[in-house]
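In what follows, chain A forms one complex with chain B and a second complex with chain C.
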Partner chain A sequence: MIASISRAIDRILGRGEAAVTLPALDGALRPNRALDEADWRRPLPGVDCIAVHKGSLVVSAGQTVYRLAAGGAWESIGSYEASVSCIAPVDADSLAVALHEGAILIQGGRFDGRRYKIGSAKCITAMAASGEELYVANGSASNGPDEWQTDLMQCNASGSIWRLNLETGVETRLADGLAWPAGIAIAGSDVVFSESWRHRIVRVVSGGPRETEVLYADLPGYPGRLSSFGDGWWLAVFAPRSQLVEFILREPAYRERMMAEVPQPFWVAPKLRSGRSYYEPLQGGAVKHLGLLKPWAPAMSRGMCVWLDASFQPRSSLQSRADGNTHGITSIIDHAGETIAVSRGDNVVVGLRSPALGLGSSA
Partner chain B sequence: MNAIVEVRNVTKEYHGIPAVKNVSFTLYRGEIHALLGENGAGKSTLTKMIAGVVQATSGEVWIDGVKAEMTSPSQALNLGIAMVYQETSLVPSLTVAQNIYLIDDKRFHRLRGIYIAGQQFLQSLNFHVDPTALVSSLGAGQKQMVEIARAVHHNAQVIIFDEPTATLTPEEKHQFFSLVARLKQRGVSIIFISHALEEALTVADRITVLRDGQHVVTDVASAFDRDSIVRAMVGRTLTNELYGSREARRIRPAGSKVLSVQNLSMGNLVRNTSFSVFSGQVTGVFGLIGSGRTETAKVIAGVLKRDFFHGGQVRLDGRSVRYRVPRPAVRDGIVYVTEDRKLEGFFETMSIAENIYLGAMAAEQLKCTTVNMSEMRAIAKEWISTVNIKAINADARVIELSGGNQQKVVISKAVVQKPRLIMFDEPTRGVDVGAITEIHQVIDQLADQGIAVMVISSYLPEILQISDRILVCRQGRIVEEFDADRADEETVMYAAVH
Partner chain C sequence: MSASDLITRWRYRLIPDHLVGEILTKRWMDNAIPLAIMAVVACVFASLIPDFFGAATISNLMRQWGEFGLVVVALTIVMVAGGIDLSVGSVFALGNIVALGLLTVAGWPVPAVVAATLGCGAAVGLVNGLLVGYLRLRAFLTTLVTLIIVRAIVDMLLLNYSVAIAATLPDSDIWYFFGEGNVLTFPFSLVVTVTIALALHLFLSRSRVGWHVLAVGGSRRSAHNVGIAVPRVICATYIISGTLSALAGLLFASRLGGGGADTGVGLEVAALTAAVLGGNSLGGGRGSAAKAIIGSITVIILINSLVRIGVSSGANSLLLGSVLLAAVAIDVRWLKNRHKITSKVYVSPTYAALPTAPSTDGDSPYALNDRLRDVGVIGLGSIDGPEDVILDSEDNLYVGNRTGDIIRFLAPDYSQQEVFAHTGGRPLGMAFARDGSLVVCIGGMGLYQVRPDRIVEKLTDETNRSWFSVVDDSRLRLADDLDIAADGRVFFSEATVRYETHEWAVDCLESRGNGRIVCYDPNTGLTRTVLKNLVFPNGICMTHDGESFLFAETWACRVSRFWFDGPKKGRVEPVIPDLPGYPDNINRASDGTYWMALVGIRTPSLDLALKMPGFRRRMARRIAPDEWMYPNINTGCIVRFDESGRILETLWDAGGDNHPMITSMREHKGALFIGGIFNNRVGRLKLEGRDVSWTGPSSYWAKS
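On to the complex of A and B.
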């Protein structure tokens, strides 16, 4: 009783859990420019998701999946009737491709050409395979993959995690009521996913139906796709949190009016790339000094990938600050001693030596 | 220019430890002289000798060409020397005007008279302070103004300002510097102690830098820039003798995030600060006095309260906590080891055993709620040997111990609570060299045990030596973070003063 009264008072005064505050970018998340100083950069408009297929790097961009050819050029390996929302390797020879309207296609291998549809899922944000099982994150029940800003501004929590048996086509819902699950990984016998709007990484407790356990919470950005890296993990953080957005998220009337009356590019919302138009909010003294963008400005976009250890605690990070040019990291993998990140905000794929070999832990 | 104050080869020792060693200093008539140095460099001691607050162990002070033998501040005031302290010396239960006219020659004052005169006098200084207001109701900046007004009222020819701008808002600082300029025009000489280098470079005619109690350099302000001042302030050679080589240390990796401070604010002293503290690691917090480090730690520990609105958030192990008093913080495993041990650290008339036992009682770790003498003695015996407290026995009163041993009692009283997070505030202040090493060993052992340790210190070599990770605090917020193996004195000091 007292706790609920205390929570109500906190909501009125903006204190406790209702405080508009952000965790510090320090320790393992200390700002750096590693992404901007990457060893190589390969531009590709609309690039979004990355995977390794048949020993090569493949990326999705729009309705096409490309392979990075030996000379560094992008070579198309498949085009689809709708935009690709994510890709994931099923085994060494096959690739799962999810489309915007919710279909999952298998390209190559045992299940080549098969097409699956999970219930009414139409917002597949990430997939991970383990044997014949494909684990799927459905970001939202009401918004598509490109409508993530709308989903955030609606404070939606209608995402779900599914297990799909590729042999039988049987689908099982593992968790629901999630706030935009955007990344999924298999850690031993557990399914781990990132929940963007709640800024956390969660494990589905095996054996316990629909029970989850929070592994790491209160990230300073919106976590996206996960991929394995050594005995740990890479986590792409596609946009930063900001106090202004956190405040807006506590103001439903303002949000509704903003969504109804303001064009989406100018919403007070996180972005994959900001600072391109002077109509955007947060201009002026908050972000610029003598006309130059401050690296520490509370911009609406940023580049960030977090290296997590086996227990999902941050060990180090690769970043692009407010004035950098590698924002909106939607996917990251480790391949052949290199870490390759996809910057959807700046339409570029960047590669650099893996941290274990070069950067070390800054934590 | 003729000298109004001349200090010749003064030395001041406390219990045989020199705070100021063989320093000579000259203040010319009508000049503003900035006195700079790290905390503990001897600035305050030197000026207190000039103001008659402390007496030099050896050396001479000459005022206006006459050798002065001052034994009290009132004698110095009679010679035209007034000191405005960083921690104000006003009487909080008296009004502003009463404080200004407190030590006037008149035996009786008519209250209405001093209020009218006080109003006129404060207006002449352009200070917007109500002369009828109680000093206890004033903010830090206004108290500083009253201190300054009192010094000016006594027609002081030399005014010593000790960190005058540390608690002032930008607008108040602007007013203060205008006042200093007006005082200079009236021929008043000013000694100005500050950690804000840009203020010293802007305001001062000459600058003197002290380090480790010794004079380093004196020159006109135009001969300095920020870098040269920082170099003069930190370029020390004694560091390795006291603290050993940094290269020999192993930097511990961070464990899980124990404490997350988010946008914390408390008045003018803590301003929207954010940082994290991790388990199994020593997080050093460096900053100059007035940078808000102590206040931040006290808010975390429930000693002080953050701002009522927009005060920020403190998360312990991911859970938002807000302590109104320290007791629930102690129960949650947060312990703050105070910088002022005599006032807040121990009960001086109680024994070592009783003080340590109180720590265990506070954390509610004991089997019974009543005092169990045998348990108390057992705990005391264990901790006396663990931290090597040198005393006749556990029943010795803490007041009878040396500073280092008193500090060990305070630390034992804190560590016996088995904390998750322990915050040391100036853990080796006023402690002898041998005890410093032992205290550092205790801090190291705590971090090795997986406890999240935060050490606040104004002494750079100490921070560099014991920290695995260094945070720099300036003007109420954490402004920079360094890996311990990549930090050096100049870069850390640069971050602290810019």
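On to the complex of A and C.
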């Protein structure tokens, strides 16, 4: 009773839960331009998810999976009837491919050609394999992979985590009621996933009762896919949080009318790439002065990858600021001594030699 | 329009939210709470006590208040200068006994008695003043000591003379008139106090010395630093305080004609309560005669009524003490939080639905193109914020900049620049007058002109005050753009009367008609507001008929025409009611049409927010200004239109690389010069098929 009254007062005065506060980009997350200064850039329209398959880099883009050939050209290794929502290696020569309607296909290896479907899941955002078990994140029960802005604006929390046995086809739900789980990783015996709309990384104790533990909370962006990197992890943060969006998430009336009346590209919502149209919302700090957009300008998109240590605490980050050209990082992996990030916002794959990590780390 | 929109619209049309913030900024708001307390106290006791407003009660109350009010006024003067005078009660008693003694025992004539009594009070005040003002002793302790000493003197005088005083009846009508006489049915003491309070009000608010007193109270050190003789001012306040207290004692003596040991005991606490309750700050610097009067009326009602209800005298003091405590607490909290409340409620957005925006693609006259891609740049990186650009008949280019200069780029190649004049402020719109003077609207200053010999002159910086506005809106805050009629009258827009130049974005958040168009007539020297309640009026341009002009309202996204002469005089008609963006300056084109800059394009998300004032108000309060939703002014364009409102052509820079941000443009000899308020360049675009001899000044001032 008292709690609900104090919440109501908070809402009126903008205190407590209604206060719009964001963690500062500081420490390991100190801004840098490492992604813009990458060692190489390979454009590919619609590029989204990256993995290593048979020793070379493969990426998904639209309905096709491409391989990065020796000369640096993109070479198709398979096309599908629907857009690919994510890919993940099962073992060295086998690749799992999830499609927009929820089908999971295995290409190569022991389970080549098998096709699975998990319940009604049709928003598979990330997968990770361990032996013959495939762990799958389903972002939302009601929205598809491309409707993530809608899911955020509806304040949805209907995502789930599944375990699929590739041999038997048995599916097990490990967690549900999640706010857009968008990345998944196997850490020892645990399943770790990122929960975007709650800005955190969570661990599920696999095999045990349905228990979860928050490993890293209050990220300044929306966390996406995870991949292993040395003894730690790479986390792709696909869009930044902003005070304005946080405020709008607390304004149901405006949000509903915006979803009904404003075309989606022009919503006040995080994006993979913003500032491309004059119909998009503009924030005060993003007004160009003397012909320049300031790097610190508030923006709906940004490039950010966070290097997490073995206990999922941030150690360093690679970024592209408001005036940068490598926004909307949806996927990042470590391969052959290089860190390769996929900027879906700017349709480009960028590669950095690992020493570039010195940037932004605490000296 | 949906039902909820309709309700919102009427809710914001009927309830003027913005007045709350404006009222809070008024200085007399300090008196509002004390006045309310006074009203509550009066109402409560009027209902408790029968015949509270009876003639006898009121008359008696007024006479007592006359004496008490005088003491409170005395204390207020000291408090305003940052001090405190606890000896007022004792001096009151001293005045009483001295007056009675001199009149009865010594047998002095009444005028001499009055003079001597006042002199006595002034002497005590002088002692206080010397100690506190010149020797810098603590006011509280010093006056506490004087209280005790003067009380002791009064007791000694009483011991020696009370019998003699009681035995003699003074035989003087004037004497009795002080205590019992009426002036126009009002008790004499009331008239004296009101007269003195009025004098004090004029003194504090209108006189140089009064301002010195307030300055000393506000900050002693600053007052000293600006050259005010602080010790003398402080000393003077104590002398006035002592004199007025003694005068109150004299009136009391005349009314009751007897000296008791308890005369004036505890009076200082009651007076202090009254002064603080009225809103006089204990810290000094903030106080007035009105506050003293309000506080003293409240306390006198309180004391008298409690006695009449039959509350015992101990409880009476207890209550008075509690009231003092509460008043002090309110005083401190109010002072501390007032500006916070003001800043929270001042921004008050209103319902502002815009007409559907025309599209900017396909067959639309506004369709996106890349015609500004080839714009040449002048002064790239060496000019900061040329809001308006103008060219003279020798082809020289004039622009204002952010640091308050008017820069001249020299023809023919514009590679050389010089400071033509330094004006200060923020030079915005410009126009050439018939005599070649450059008339400039300067944000934060008003309307100025720079003569050809570079002398800067003020034309006007204020207009007539609106009758019913809460804040004084006579001063010009944000003169924006101007144009000059054939007879020399200057019509200029003031974008908003509620915000300063650098706060223009907050005005967009409000989207209320805060702006106006003002006319300065050089023939009479008069400045008059001609149009009010415009939504950020910006560009102004004379039409060719000599009796009307076009003006743009930026946040309303429309262009209208106003007739200042001729048969349609005073009328406003829409020309373009629905622009896809935010219009800025308008200027003449060589073929009789008009150029207009659109500084930004409307975004659907902000258009929706404009229909939700509550949402915008919360946004203003809860998130940082850098994070607010702004009009998208990073991309703009230039349109050419005719008097019927038809769009003839549109010039875009699709990439926004070459010339981001456009606020103005001038056609000159077949080229278009382009300015932008946050830009670091002036653009120049060769136009095809235009009259290469046409210039702005010739269009206005040639032949005729």
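Just so we're on the same page, the second predicted complex is superposed on the first by the 340 of 363 C-alpha atoms of A that agree within 3 Å, B and C clash if a C-alpha of one lies under 4 Å from a C-alpha of the other, contacts with A are read in each partner's own complex, and residues count from 1 in each chain.
As a convention for this text, contacts are C-beta pairs under 8 Å (C-beta built on N, C-alpha and C of every residue); 3 or more make two chains touch, one makes a residue touch a chain.
Not measured: the values here are computed from a predicted model.
Partners chain B and chain C clash in the overlay (superposition on chain A).
Legend: residue contacts after superposition of the two complexes on their common chain; A:243 is shown touching both chain B and chain C. When the two complexes are overlaid on their common chain A, residue A:40 makes contact with neither chain B nor chain C.
Of the two partner chains placed around the shared chain by superposition, chain B is the only one that A:30 touches, whereas chain C remains out of contact. For chain A, the partner with contacts to more residues, out of chain B and chain C, is C.
Of the two partner chains placed around the shared chain by superposition, chain B and chain C are both touched by A:14.
Residue contacts after overlaying the shared chain place A:313 against chain B, while chain C stays out of touching range.
When the shared chain is aligned, chain B comes close enough to touch A:217, but chain C does not. Superposing the two complexes on chain A places one region of chain C into the space of chain B, and among 151-159, 205-213, 349-357 or 511-519 that region is 205-213. The residues of chain A shared by its contacts with chain B and with chain C are 14, 19-20, 243. Taken together, the chain A residues at the contact with chain B in this complex read 13-17, 19-24, 26-28, 30, 217-218, 243, 313, 361-363.
On the chain A side of its complex with chain C, the touching residues are 14, 18-20, 242-244, 247, 251, 253-254, 257-258, 261-263, 266-268, 278-291, 293, 298. Of all residues in chain B, only 253-257, 260-263, 274-276, 278, 308-313, 315, 318, 320, 322, 469, 471, 478, 481, 483 touch chain A in the complex they form.
Here chain C touches chain A in the complex through residues 381, 384-385, 505, 600-601, 603-606, 608-609, 612, 615, 618-619, 621-635, 660-661, 678-681, going by the rule given at the top.
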